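You will see subunit A twice below: alongside subunit B first, and alongside subunit C after that.
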Partner chain A sequence: MTSTLTSRLAIAALTASFAVVTTSVEAETLRWARAGDSLTLDPHAQNEGPTHTLAHQIYEGLLQRDMAGEIIPALATDWAVTDDPKVWRFNLRQGVKFHGGEEFTADDAVFSLKRAMKPTSAMKELLASVADVRKVDDYTVDIETVGPNPLLPNNLTNMFMVDEGWTTANDAVEPQDVANGGENYLVRNTNGTGAFMMVSRAPDEKTVLKANPDYWGKGEFPLEVTEIIYTPIQNSATRVAALLSGEVDFIQDVPVQDLERADAQEGLKVVKAPQNRTIFFGMNMGDSDITADNVEGKNPLADVRVRKAMNMAINREAIQKVVMRGQSDPTGVIIPPFVNGWTAELAAYPTPDIAAAKAMMADAGYADGFAIRLDCPNDRYINDEAICQAAVGMLGQIGVTVNLNAQPKAQHFPLIKNKETDFYMLGWGVPPFDSEYVFNFLVHSTTDKYGSWNGTRYSNAEIDALVVSLATETDTEKRNLAINKIWETVQSEQLYLPIHNQILNWGMKDNINFDVQPEDQPHFKFMTFSN
Partner chain B sequence: MASFNQRLQTALDSDLAFAFKRSPVAMTATTIFALLAIAAVLAPLIAPYNPFDPATLNLMNGFTPPMEANEFTGQTFTLGTDDQGRDVLSTIMYGLRISLFVGVAAVLFAAVLGVTLGLLAGYFGGWVDTVVMRIADVQITFPSILIAMLIFGVAKGLTPVEARDEMAIWVLILSIGLSEWVYYARTVRGATMVEKSKEYVAAARLANRSPLAIMFGHVLPNVMGPVLVLGTIGLALAIIAEATLSYLGVGAPPTQPSLGTLIRVGQDYLFNGEWWILFFPAVTLLALALSVNLLGDWLRDALNPRLR
Partner chain C sequence: MLAFVIRRVLQALGVLLVVGFISFCMFQFMGDPVEGLLGQEATEEQRRELIERLGLEDPIPVQFVRFVGNAVQGDFGLSYRLARPVSELILERLPATLELAFVSAIIAMALGIVLGVFTAINRSGFAANFIMTASLIGVSLPTFLIGILLIYVFSVQLGWLPSFGRGETVEFFGWRSNLGSWDGLRSILLPAITLGLYQMTLIMRLVRAEMLEVLRQDYIRFARARGLSERAVNFGHALKNTLVPVVTVTGLQLGSIIAFAIVTESVFQWPGVGFLFIRSVEFVDVPVMAAYLLLIGALFVVINLIVDLLYFVIDPRLRSDRAGSH
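Entry: the complex of A and B
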């Protein structure tokens, strides 16, 4: 006791920065749970919510979104377009150290951005408009785009910075090749600049992080959490039981059926907000024949009438009322209202009409229907498997016999990326809050730079050109017209079957002060506790 | 016909029938099992709905409490509905079919495999015995549910995704059967080793009958008693194994729920008071497994001369 006191006094006397540590040292361990785990620690290998969420605690980008979704500086202190409208200049924060002790400089920024543009990177679509990244001096970086791109910073919120020396020394210049089951050093090891450092990790079991003692953001962020214990709990009953019994402090996905109970319990609260994410089904409409169906020699999904009929068979309101218990907003378009390009007309969806849908099926030559496999995740989105099961019943009513293949996201997502599924569930968030992002990944045909998540195999040169033009269109009105034109094509072609936008329900101890982040990304450095 | 009546009379006069009539436990267990079996077999005829036909489901019926009208559709269900609007009563009846079918088929498979290998090992001895019994020894050190999961995983990986739903039931039978054969093999081997030194086997050998004919024609009928007991208890185990696998989400496909699948679905709704989705399937599984087990216990005692 005495020794702690003396040592504390000694430390407090030594430096002012240490004094900050000792005053907030009421070690706050945060026990955090959600349904699924991060897929990899390589910050450029997966463009996926839970993966980014864990990465955000450890790594940082040049800029980031705060808990309200607003863009704030991170490793860059400020940024602006230079005299050349195609060049963005970023001034980097000085004196920032990686967890390994190396200083963060322009070399690391250039290296990281170039790494994120490599073919195996999952982030490359976000940088598709980038022509070059240049170091100006040790703390200045220029990003040159192929044409003026006023929205470039929006694409950098999940673009994490790695240490060039460390990454190169560990032979991980290329991001992990997820599609081919690749591995590299960064998959299991971390070295970021973030507020937390990795202590231990067992994938799908437990990840422990501790506060970074040398974090640059002291004084700027509350930094009250000193340790994070992250345990993925897939089973919803077990997850909510862990919260109710006090075994965890914070869960990101309170099961919709347990909202009332969790909110009513003494010492717990549920905070909710609409999420920037739409859940939908994708269909392979591009191939001339598909393997997942029972129709030989042709692809029923290639017929737009079949896709329209399927869209008409889905009873979105029933899914909202029963499966989601009101915790969703049914929609007819694959972007939420946050996103530039969203309109009420696009979001309108047909009232389910089985007779009309059957007539369209008959019109397309499938009066007797067909059978097809639906691939679905079971640990990613809110009630994902139950939504798929409900869709099985609804599509069954128009003669489409669906075989449901529900499995964890770690097995499900590769099917989409490798184009091994013909009918699948996907949810898409829009970190830049702009339609261009959605088009780059989901509408543009699959090429080296674009369309890596376009499982529809849709390929339209005219639309592709329009999508590419968005990055460099500076006239906002013209750009929005182009966005609208692309959406109209997506809707008339019925590229996707949209279901709903998710509503987030974060459950936590009463004494935690934390807003729901619209991207479902808790940044724990913002978390505070009231006692 | 007379011979049939005579046989029936012999059966009714047997010690076993006498013991049965004097055991209220056995009679209750048999009644419960018979009721469940009839409900399962006749499900397509007597169940109010067909829960395995997704096209007939109305999602709006989801989570209807037992004996209460649904707030949207006004429909009433005796035991309520599950998360997809399936009638729980009908789903239990159809789920029982899967549970019983998988149970019986897995036991038959395990028994045929185990008895054959046990006979071979016990009769021939030597290296046949060594190979068969060492495999059995190794396998028995692992819990059978782990073996079943391993076999299920491998078999699922080998079947094409399109065929998985149809194959799931057969894969279940295979994996449970393969995980349970050891007990039959061990029992039969021991009994065979005792039987083969008896005089009737020597007589059959002297009459120049083939080893196969001796094994299956002469030895087998004399070692069947314990196999019968094992089979009955094994049935309860197989039903529970199927429920466990489905509960863990690796068994019956979600669109064709067995009792274990229903329990898995139902446990998600325990905290908010929608108890019926879990409760009724769980009680049914309990009644089924308990009645078969009690029957097996009784049979073991009744066939054991030392306990008379």
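Entry: the complex of A and C
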């Protein structure tokens, strides 16, 4: 009896250990779906989320963001500013091979960065501050910027490395010219250093990747996924159905109304995290009279008391609860929490107080309120039109009669760019994770280089100078002080009416362990499975 | 005959031009493709450059004439979204749509005729009444709802059929087909039923009405009196005489099956031309939209032309008119 028990235990232990061994080498195929497909395989031809996501599996940059959004080394092992504050030095990883067997060296890094700076590249804006890229030795590269650039590494997270020999031999030194319908070898063929290699691809249908057997990151990353089958499913109901029926294992872009259902279903879960995108309203405060209102001869939005009153009238928690079904993070500032410059103080928002807001309106001379048109997209952000509808009711309580004009994004965004709207909704992401990016586009007055999305017409020479100074200030402490000062002005002037940060949801099988990445970029080399 | 054909072809070309011009005017209200092409970080200078290159600042008639001029030479321009020649994109996706339309037409015909005959013969039976009532669903529910309903039942609840995509495809002489593999057949079933349901009910009701009409006729009574079997009477004599209008209607419906595949394709992520069109609308991809609308316009025009020619063949009065004018 005892002996049989022991032998049974031994067998059980043996099978268990076998099981462990087999699972670790077992092929784990991941079937993955999201709304859109990658637009091109040329890693420098498009600066767009789904395109980068696919590229990140195949190609790598000198550095990358991990699943928490932190910058980690990839093809460079370390980097630092040299004695010359305009020069960054990158030490490259040695012994890395491309999928085609070519070795990765400084020549490839220099070639790739220069390729990304060419006129047909979509990544060139991120490298606008770069004056020159130089090879120091086989595994060292210097990047010289026009002025000191403390944020250079933040701009390199999606800057992929290609092999010089392979790219040149296939006549693809120039990135694909998307605007002119250009085509090159790299649009359909890949040769990266990444954890996965291309097996087959039918655009908009199906892409199959398999694990790279010679990946340098073995031991450093889990690398449990051995095959990826990627199918874009544009219709959200179909996408959720595919997850519920078990035809896919992992989906991005779970629609808000289906979250609970997907989460409740046995064997599935939904993982959430704040997204790198804040939703807010912008107001034309700069013009002396505006066309979207019913007030003649003056602009009610030019009065800071009106803007403060409107800010106070918006009940962010009600929007979170009713419109977003809890899937938002109400905020009082137009950047998400992980962006440099964010503080809890900035993100604090006023408790809605209709009486106080009305008093401020009366103070400003608008006791009877006014009417204004609100321009809103209806296919860009999560529940965008519903948020605007909620705001219409809230602002109505303080006498601001809002006429909602909700339309598709292709019609909405030109209104902001062309300064044809006086009150609008906008959402903004911060890819470099630093406030400077927001200031450049949304706070600096509109000039050829800055403020292209600043629909508020706000123009303050002192703030503009401060914004410009951020680009070259290498003293982190001084720089952060300046950032803080700009935010104080933005908040006291109530330049924008922040609503909330969007929340990202990924739906997946229960046995998948995967955190939501704030940029909505899954890096599958980090994915693990529990059996 | 030749003059008639030439006249009809010229009329058809006129229709196509009008379709093209109207759609071109509508595109102006769809928004600005430049935003989508350049992204939020583009500078003013890049915007100006792109607008100039795409010729978007020219007046609509100028853009239209340029489009027609190129289209006549078979050049439909480049897709803004995918940066590839539009004709290539459409040709690549057309087989998927045609196959889906073909399979759904077959299903609609087969089921429609069988059920139509059944309900006509067993007019007052419980099953027939049930089928007639249930067929109202096919007529009254919108396609996307039927699609989602089918996905819910057959994919999510029962897990029998895939909910999206084409599955495995097999290539025959460069034509990627779903009909060559088990997985492909499983994948095409739900979208084909969704697309064909309306046509099926239509054919069923048409066959039923025609059958009821025919079954009342004397020759059926005589056939019965001669002691022919029920099967021979119903299928050999009655059904044959109901098929002429059915074939006409099915032919005409084929055009709308292809054109209205848009909804079905986007519900089932079917990589056909309709799905391409929907994506293009979201992106304001004018060249693709224009080419697609022209294609659908041409399809309808061609089908109508064929029908007109058939009438010409069938109806002797059309011919004698012409002969009389000599």
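Just so we're on the same page, the second predicted complex is superposed on the first by the 293 of 531 C-alpha atoms of A that agree within 3 Å, B and C clash if a C-alpha of one lies under 4 Å from a C-alpha of the other, contacts with A are read in each partner's own complex, and residues count from 1 in each chain.
Quick note on the criterion: a contact is a pair of C-beta atoms (placed from the backbone, for glycine too) under 8 Å apart; a residue touches a chain by one contact, two chains touch by 3 or more.
Here the structure is a predicted model, which is why all the values come from computation and not from measurement.
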- Task: For A:A237, decide between first (touching subunit B), second (touching subunit C), both and neither.
- Result: both
- Query: For A:D448, is the partner it touches subunit B (first), subunit C (second), both, or none of the two (neither)?
  - Reply: second
- Query: Of subunit B and subunit C, which one contacts the greater number of residues in subunit A?
  - Reply: C
- Item | subunit B versus subunit C as contact partner of A:D258, first or second or both or neither | first
- Query: After lining up the shared chain so the two structures overlap, which partner does A:N180 touch, if you call subunit B first and subunit C second: first, second, both or neither?
  - Reply: second
- Message: By the touch definition at the top of the document, which applies to A:I72: first (subunit B), second (subunit C), both, or neither?
- Response: neither
- Task: Look at A:G246 in the shared chain and tell me whether it touches subunit B only, subunit C only, both, or neither; answer first, second, both or neither.
- Result: second
- Query: Which residues form the common part of the subunit A surface touched by subunit B and by subunit C?
  - Reply: 235, 237, 241, 244
- Spell out the part of subunit B that touches subunit A in their complex, as residue ranges. 53-60, 62-63, 72, 83-85, 161-162, 164-165, 249, 253-255, 267-272, 274
- Task: Can you check the complex and tell me which residues of subunit A touch subunit C?
- Result: 39-40, 47-48, 122, 125, 176-183, 202-206, 231-235, 237-239, 241-242, 244-247, 379, 408-414, 417, 441, 448-449, 452-453
- List of subunit C residues in touch with subunit A within their complex: 29-37, 39-45, 47, 50, 53, 78-79, 81-85, 148, 151-152, 155-156, 159, 162-166, 266-269, 271, 275-276, 278-279, 282-284
- Per the touch rule above, subunit A residues touching subunit B in the complex are 235-237, 240-241, 244, 255, 257-258, 260-261, 291-292, 315, 318-319, 321-323, 373, 378, 385-386, 389-390, 392-394, 396-397, 402-406
